[in-house]
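Shared chain: chain A. Partners: chain B in the first complex, chain C in the second.
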Partner chain A sequence: MEFSPIPFYIVSALVIICAIAMIYFKELIYSALSMVACFMAIAGIYILLNAELVAGAQVLIYVAAISILVIFAIMLTRHRKGDFWLFFHRQSVVTLPFVVVAGIVLTVVLATAAYDSSEEALNPPDEEMARLLFQDYSFPFEVLSLVLLVAIMGAILLAMRERRR
Partner chain B sequence: MQRELIAVMPELMLVGTAIIILLIDPMLPATGRRGLSWLGIFACVTAIFSTWFVRAEEYSSFSSAIAIDRYVVFFKILLLVVAIMAMLLSEKHLALRGRLLGDYYALILFTTTGMMVMAASIDLITFFVGLELMALSTYLLAGFFRYEERSIEAGLKYFVTGSFASLFLLFGMAWLYGMTGSTNFEEIGDVIRAGAVPGDALAIAIIMLVAGFGFKVAAAPFHNWAPDVYQGAPTPAAAFLAVGPKIGSFAVLIKVFTIMLGGESGTWLMPVIAMSIATMLIGATLALVQRDLKRMLGYSSIAHVGYLLLGVVAFGETGSSFGQAAILFYLAVYAFMNMGAFGVLVYLANRTRFGDSLDEMMGVGRRFPAAAAIMTLFMLSLTGIPPTAGFVAKFYLFASVVDAGFAWLAVLGVLFSVVSAFFYLRVIVYMYMRDPEAELQGVPAGSSWDLNLGLGIATAGVILLGILPSPVISAAQDAVVRVLGI
Partner chain C sequence: MTPLQHYLALATILFFIGAWGMMARRNIIMVIMCIELMLNAVNISLVAFSNYMPSPVPGRGEVFVFFVFGLSAAEAAVGLGIAIALYRLRERLSVDELDGMKG
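Take a look at the complex of A and B:
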């Protein structure tokens, strides 16, 4: 697929709008939903770049898993309505110079770097990925499942209301 | 396939038992949970046997993710012994505090599995995954008494600093991978030795790795979390945290700085020397002013990391196996004496309303003569006084440093040992020569055979390694010579 700028601009605008909306919404749940939209739009950018595998991972991990976690966390906790101008309190004054510097550095780096834009680099064949994951790196992959098990166990251990005592 | 299964058999046993413990724990009545620790101990003992079974083998498995050789076997057995002692120390303490849950033993087994994966890893990814398994479990162990503010604080602090350490390590590893195109220790080492890597970029990777490992083993200036965590964590968990993760981290540190970065010691030797001196200085001097024994042992463990880093300096300078073998032996001795010292604190906390302060040690010599006697032994060993194991370990370590041409560093090490003698011996003075104003209130039913057995193992280790160190020393020499190919 030939890369065309128009859809890219549309999707990018969507990403930026959703990101800003996420910060500005007063209700946490609206923020969370705009975050989901933002993640979806980023997946759109990956598709425009012919990186379907990365897009799929983006949807699976960010849109599905992380967003659901965030929404669950909002549902399960008490929260107050935020002040609209909260964002403009002290933090923004302090962080503004850092944001500007980081923005300039990133722009310079991204503009001057050379990229490997071959089909292979953007979209590795699925079989190759599967072979790496389930054969070459099968051992760390299995150990990772233990890490997840411990994480779940820890969450229960620290947060569960005790009935036994 | 069969060989691969044999290679991970000890890990499989621990993980399987941990899952069984988690499954049957909710079905057991509160009194029935006593047996869970013995299930865990049984798993560790069988894992020791299955590790011993492959001690003469040498191969890598799972597409070069992990290796089996004498080095790995040495560390696995040491870690399993530590896990057994940790479980023996814990049972009664948890029961008295109303937190006797199977989760605790499962966490110890998971931590041990993570550390064994680290020790066996010959690949950056395997190493990092093992590290995270260990780290996550240890944060939870630190915060296990979640109704006590200090314990939660310890867990949170450990989590935050541990995450920083992981970030530093990951960043350094990413640089190495980016420059060499491989995650395998040997392959990275080959590329670096071939000189295909720009020196400045390599220096960044090395600094990141040194800082990351520094955090993990609590070396100055990355040591601040250690006393807080050991003080806040449940005492038996603190014993485990002060020993296990250090052994696991040093197992990888030696491999990384020999196989991968052995030829680059010019870059990392100076930072490690500086770190080692700072660590000994901070550990020994700040321990002097501690009135809380768990904090004191925390700073003392920092000082011991300083000595261990001297061993890293020794092998970095000469490339010989002397320094590495000395580190391995020191770790074994450190495991027994440190678990023992914390274990006596657990004993006192179980028998009395003990608050870990030095003043409460007054009169312990009269009231609990056996505990005071072995505490004396552990304190002498931590100081490094013959005929305890601590002396042999320090002697061997400092000898390797002198052998590497750093006599002045060894002199510094001895000087700091003399400083540390003050706060170790002070505990003995308080136990035997001071009379308390008021007796500590006793706790009925606070005695426990499990704990006594754990303390017995630690005592036996300190005495045996002091009198008959040669089998373990030669095992340590075999381990490093066979693996690191020197």
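Take a look at the complex of A and C:
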């Protein structure tokens, strides 16, 4: 079956534009909204990679849960308005060439390396994924739920206002 | 079919956008958002390798992505909890001004 590469380029351009917009917006709430758009586009990338279950989990966890958490954290705190240097560090200009050089080098190395990749898509269908997740890897999955429970309890404890002393 | 290298290039570019944002922005909430972006970039490369490289158990990379999801959710919860607690304590969230430990 022949796939067109055009959807990949559209979705990945959306991902990169939204990620750059997220960093450059001065208003934190605009950054959060473009982060939501970026995560949604990444879910599109997962669908292009035949990972529908991961795409659904991405929408549920990142687009819904983590964005709501971030937006609530932004709404519960107050942010200043001002010029560029109130939002960016002084070292942002210094680190930019290093990041660009490292990014270009790693991209070239990864994109020109030869992989003995297969021609057809290898990601299994959702039934097989569910079998892997809930049978073969069920113990790590349960441990992960315990980790999440402890983390949520810790977050509540950290953010809780102490009323009585 | 789009070659594997294109997905890896996308993941690398996204990772370094997140890394630069993490170093450049001042607000702690923004730093946490950039860390989430970097975790997403790693997830893209995991799913891409799982889709393209032959393995005895197909889909192992995808299972790993679910664990990264869980851990990043835990990290976001604790990090934003710390950010809100710091805001209550100090009334500011700029990483320049939170230098009480003189690191």
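Keep in mind that, in the parts below, the second predicted complex is superposed on the first by the 139 of 165 C-alpha atoms of A that agree within 3 Å, B and C clash if a C-alpha of one lies under 4 Å from a C-alpha of the other, contacts with A are read in each partner's own complex, and residues count from 1 in each chain.
Here is the rule we use: a contact is a pair of C-beta atoms (placed from the backbone, for glycine too) under 8 Å apart; a residue touches a chain by one contact, two chains touch by 3 or more.
These figures come from a predicted structure and were not determined experimentally.
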Clash or fit, chain B versus chain C on superposed chain A: fit
Comparing the two partners chain B and chain C, which touches a greater set of residues in chain A: C
Contacts of A:A51 with chain B and chain C, given as first, second, both or neither: second
Partner chain in contact with A:Y62 - chain B first, chain C second, else both or neither: second
Which superposed partner A:A151 touches (first chain B, second chain C, both, neither): both
Partner chain(s) touched by A:P140 [first = chain B, second = chain C, both, neither]: both
Where chain B and chain C come nearest after superposition, their Cα distance in Å: 8
Where chain A meets both chain C and chain B, residue numbers: 136-137, 140, 144, 147, 150-151, 154, 157-158
Chain A contact footprint on chain C (complex, rising order): 1-10, 12-21, 23-27, 29-30, 32-34, 36-37, 40, 43-44, 47-48, 50-55, 57-60, 62-63, 65-67, 69-78, 80-85, 87-88, 93, 95-96
Chain A residues touching chain B - in the complex, by the definition given at the top: 135-140, 143-144, 146-147, 149-151, 153-154, 157-158, 164-165
Interface residues, chain A side, partner chain C - complex: 2-3, 5, 8, 12, 15-16, 19-20, 22-23, 28, 31-32, 35, 38-39, 42, 45-46, 48-51, 53-54, 57-58, 61-62, 65-66, 69-70, 72-74, 76-77, 79, 86-89, 91-92, 95-96, 99-100, 102-103, 106-107, 110-113, 115-124, 128-129, 132-133, 136-137, 140-141, 144-145, 147-148, 150-152, 154-159, 161
Touch list for chain B against partner chain A, complex: 8, 15, 22, 30, 62-63, 65-66, 98, 101, 103, 106-107, 110, 113-114, 117, 123, 125-126, 128-130, 132-133, 136-137, 139-140, 143-144, 146, 155
